[in-house]
């Protein structure tokens, strides 16, 4: 249905833009192992994006590439969190901590979707996101409980990304409409908070106390970053309309 | 028997030297240099391709390219491990790269200007690398040979992907085909130079061959490679920018144009198109990562201390 | 006469207080807060427009936009200077901004999503700013009033440029016209809220008016502005997103829709679309500049020491 | 003539890409005065670009915007120096030091061009570039002779940009062809070197000893940076072909 397609589009756009951001780290990591790890995570996440977008596209007779390369900014449905710049390694880890725990909880429930395709995509993605979560937690703890500098940087990184957490858990009319085919974001919040509190405690970090940003990605209202992301991502494809690669 | 005698016998039998075996200092030095240069090449070689990940023109190609560049990081890791078995730790090797004291393959000092370069690099650069490396799978130093086996398998996969990119472009729009031809034109000569200077100007080759590290001469490898791509380019529907290219029935060898060895020397000496950029990027990544590596070390130390304290408490 | 009596007479005569004159502590505090908030607004206000400089769709527009954003930096400078005459140095004011202790106009917490926003910001945001600021040219505090004169002149130039951008878009392709309308739709209500809360919810206004800082109430300014743009929008061939907008002949006032004051409070409290981004960018620029400012200070010190030594030598 | 147009294109592209790079500093400077100064320099430089490109475009019946927004990467003729990333403030100053001294020397001679338009553009630009030069020199000295950190950063910045200096002074066939309408780049080198040596000495900085990069911008062979610069610069204009702004 149209609603399920719109819902898949959200999940796909979150994954696509996150993968795009993460992929920038390849050849720039703090050590070779991290080039590989972040590359893996980006690659997995891109895979999830492709599955969700391919599925969403069925409803409109559009391919994953039609959706990735030929939509305008206001047609994207990603949350503001994934649009946030990479910053230093700590900021990327902070964003990953939030996104991987969020996606883990989301996909854990989505495996029970009444929509068989969404359930199947979630099942496959879940195993991978579990690793992403583990990676982000380990680094959060290492940086939080590492040196004084790394502690301060990691705390600052959390403060930077925290305004964008709440939007991930906002319900809206589409969530009502998809019903049991989807997952109600607000239903994940309690577990998310508990999980994060545990990780931050182990990392000797404080839960940030900063106001939320308004958000609006689900309605196509994006941060000023997305235009730049898309300009780069789409530039080549758009120079060759109709071409195959 | 042991020492030089054992080493000589292993070489004579074309068998393998292992890390704990005695080996001549020059053999060890040569291998450390060669293996670490190879590792550095994998690391620096990530850059030209990483340049197109965020702009890949389809999600499938983006995924393939990401996987490929990541494989290169993996190759770097195996090779540093192989080099470490010879007694030089990875951070020392890495510092040599950062200080500009160690070399890497000069092909990576050419820019990847268009998407078609992802095809040309896969087909020509990885192709030349494979031609170089397949014989190295039988290199007399065990860990190096074994690393090569694994790497060659992945490289040939990468080469096929590069070929596929070019094929798709060649069968695409006129602009795409032009892009493909242009990339092949730019990478042909640099790829041929990857085999190193002509045999009569390659002083170290002889010793390497005597030690069963190198198996074929530079020129032998080069003309074998040129023969291979001369056939493949027809399937691509493209041409090689070499008016002199032909198979000489009489000698059974491929003849190719004269290469610009001055350019080769310039690039090695740091005057290539991207030397400065590649090194700047590597140094920047290393510096930006300093605080992260320090944190990881500090955390590991704390954890070790904690475990030790627990063990004492438990005892 | 001096002190309170002099101050009261100056205010009563609608004349000007100058930096060295006595003034009530509350007057000084109010002015420091208002002038520095105004300065901070100029600085933060550079960001939404700077967001489009590198992507401006013609070189002429790029040049105009660069000049405009640069003017805003200049306004920031005048205003910090005016605030400094009240005894608070610029770095203290700047630190208040960085620490989140000082406010800036909440309009700049809205994103500039499209090029048409460059038009809407110029026409509506600068327009509202001018409506606010023209009366401030007569503010009782001399340096503030004089800074305002200069700023208003430039702002009205900026407003005309914004109008021109929208006019060009409105007369352009359907996509351009749509972009213009969309920008006006998004900036209309936030621009009206720039005049502050309704009069019955604006406790500080009365004292400011008594001191001849403020000259008109928030609602007076707002409805005057709305009347102005209601006329101008017709020339643009666009519409304002306000179904209730009309001129009430009876009261001689413009009536507009109810504004969402909860949104206004949210944005002021930090929950707007871009509060976090704007502050992060300002802090980042400040931190990245630390070593530069330190170097400039160190160099100036060395030079001063050198000159002093030379003078001693010459004496 | 075609040759003069091609020559103007080079000068215009150098200025255009440099202005594009510099403009990124507006709202990001180390202090408010630098937002203004760098903004001024960017604006002047953009002005020079517009004059040169407008003049070049006459030969092909193309406007400055046609040339700025509708050429492909390989049609640009800028040198590699201006394509270099901004880096930290020191890197930008190092690039400015080289470019402003180079342009100052170039325009000083171009005022005697046999081509009246080029001479006129140069005359106007010269006064402005003189200020740019002064700005860059002052900061080079301040950073070089400031703190230990600023000294090291400025020295590192010079090493970063130095490989791209030589290309600016390369002669080629077009230089022969334009003759006295243009300026022979190699003829500026000696003065450039002498001037730079003086500035670096005052700044207690060492002249970098690093190999030159090959270069090739004048032939349309660019660094990997230019594609990104153009993707961003051209994205909006290209979404609306035929539109006016």
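Order of writing sets the chain letters: A, B, C and D. Residues in each chain are counted from 1.
Assume contacts are C-beta pairs under 8 Å (C-beta built on N, C-alpha and C of every residue); 3 or more make two chains touch, one makes a residue touch a chain.
Quick caveat, the model's predicted, so the values are computed rather than measured.
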{"item": "Furthest chain, CA centroid comparison against subunit B", "value": "C"}
{"item": "Geometric centre distance via CA averages, subunit D-subunit A, whole Å", "value": "40"}
{"item": "Euclidean distance of C-alpha centroids - subunit B vs subunit C, Å", "value": "57"}
{"item": "Centre-of-Cα separation between subunit D and subunit B, whole angstrom", "value": "36"}
{"item": "Residue numbers of subunit B (touch at least two other chains)", "value": "55"}
{"item": "Touching two or more other chains - residues of subunit D", "value": "227, 231-232, 235"}
{"item": "Contact graph of the chains (line, ring, star, complete, other)", "value": "other"}
{"item": "Pairwise chain contacts, counting only pairs that touch as defined", "value": "A-B, A-C, A-D, B-D, C-D"}
{"item": "Touching residues on subunit B, where the partner in the complex is subunit D", "value": "48, 51, 55, 111-113, 266, 269-277, 280"}
{"item": "Subunit B contact footprint on subunit D (complex, rising order)", "value": "73-74, 160, 163-164, 210-216, 221-224, 227, 231"}
{"item": "Touching residues on subunit D, where the partner in the complex is subunit A", "value": "227-228, 231-232, 235, 238"}
{"item": "Of all residues in subunit B, those that touch subunit A in their complex", "value": "43, 46-47, 50, 53-63, 66-67, 69-70, 73-74, 76-77, 80, 115, 165, 168-169, 172-173, 175-176, 281, 284-285, 288-299, 302"}
{"item": "Complex interface listing, subunit A residues touching subunit B", "value": "16, 20, 23-24, 26-36, 39-40, 42-43, 46-47, 49-50, 53, 64-65, 68-69, 88-90, 141-143, 145-147, 149-150, 153, 232-233, 235-237, 240, 242-245"}
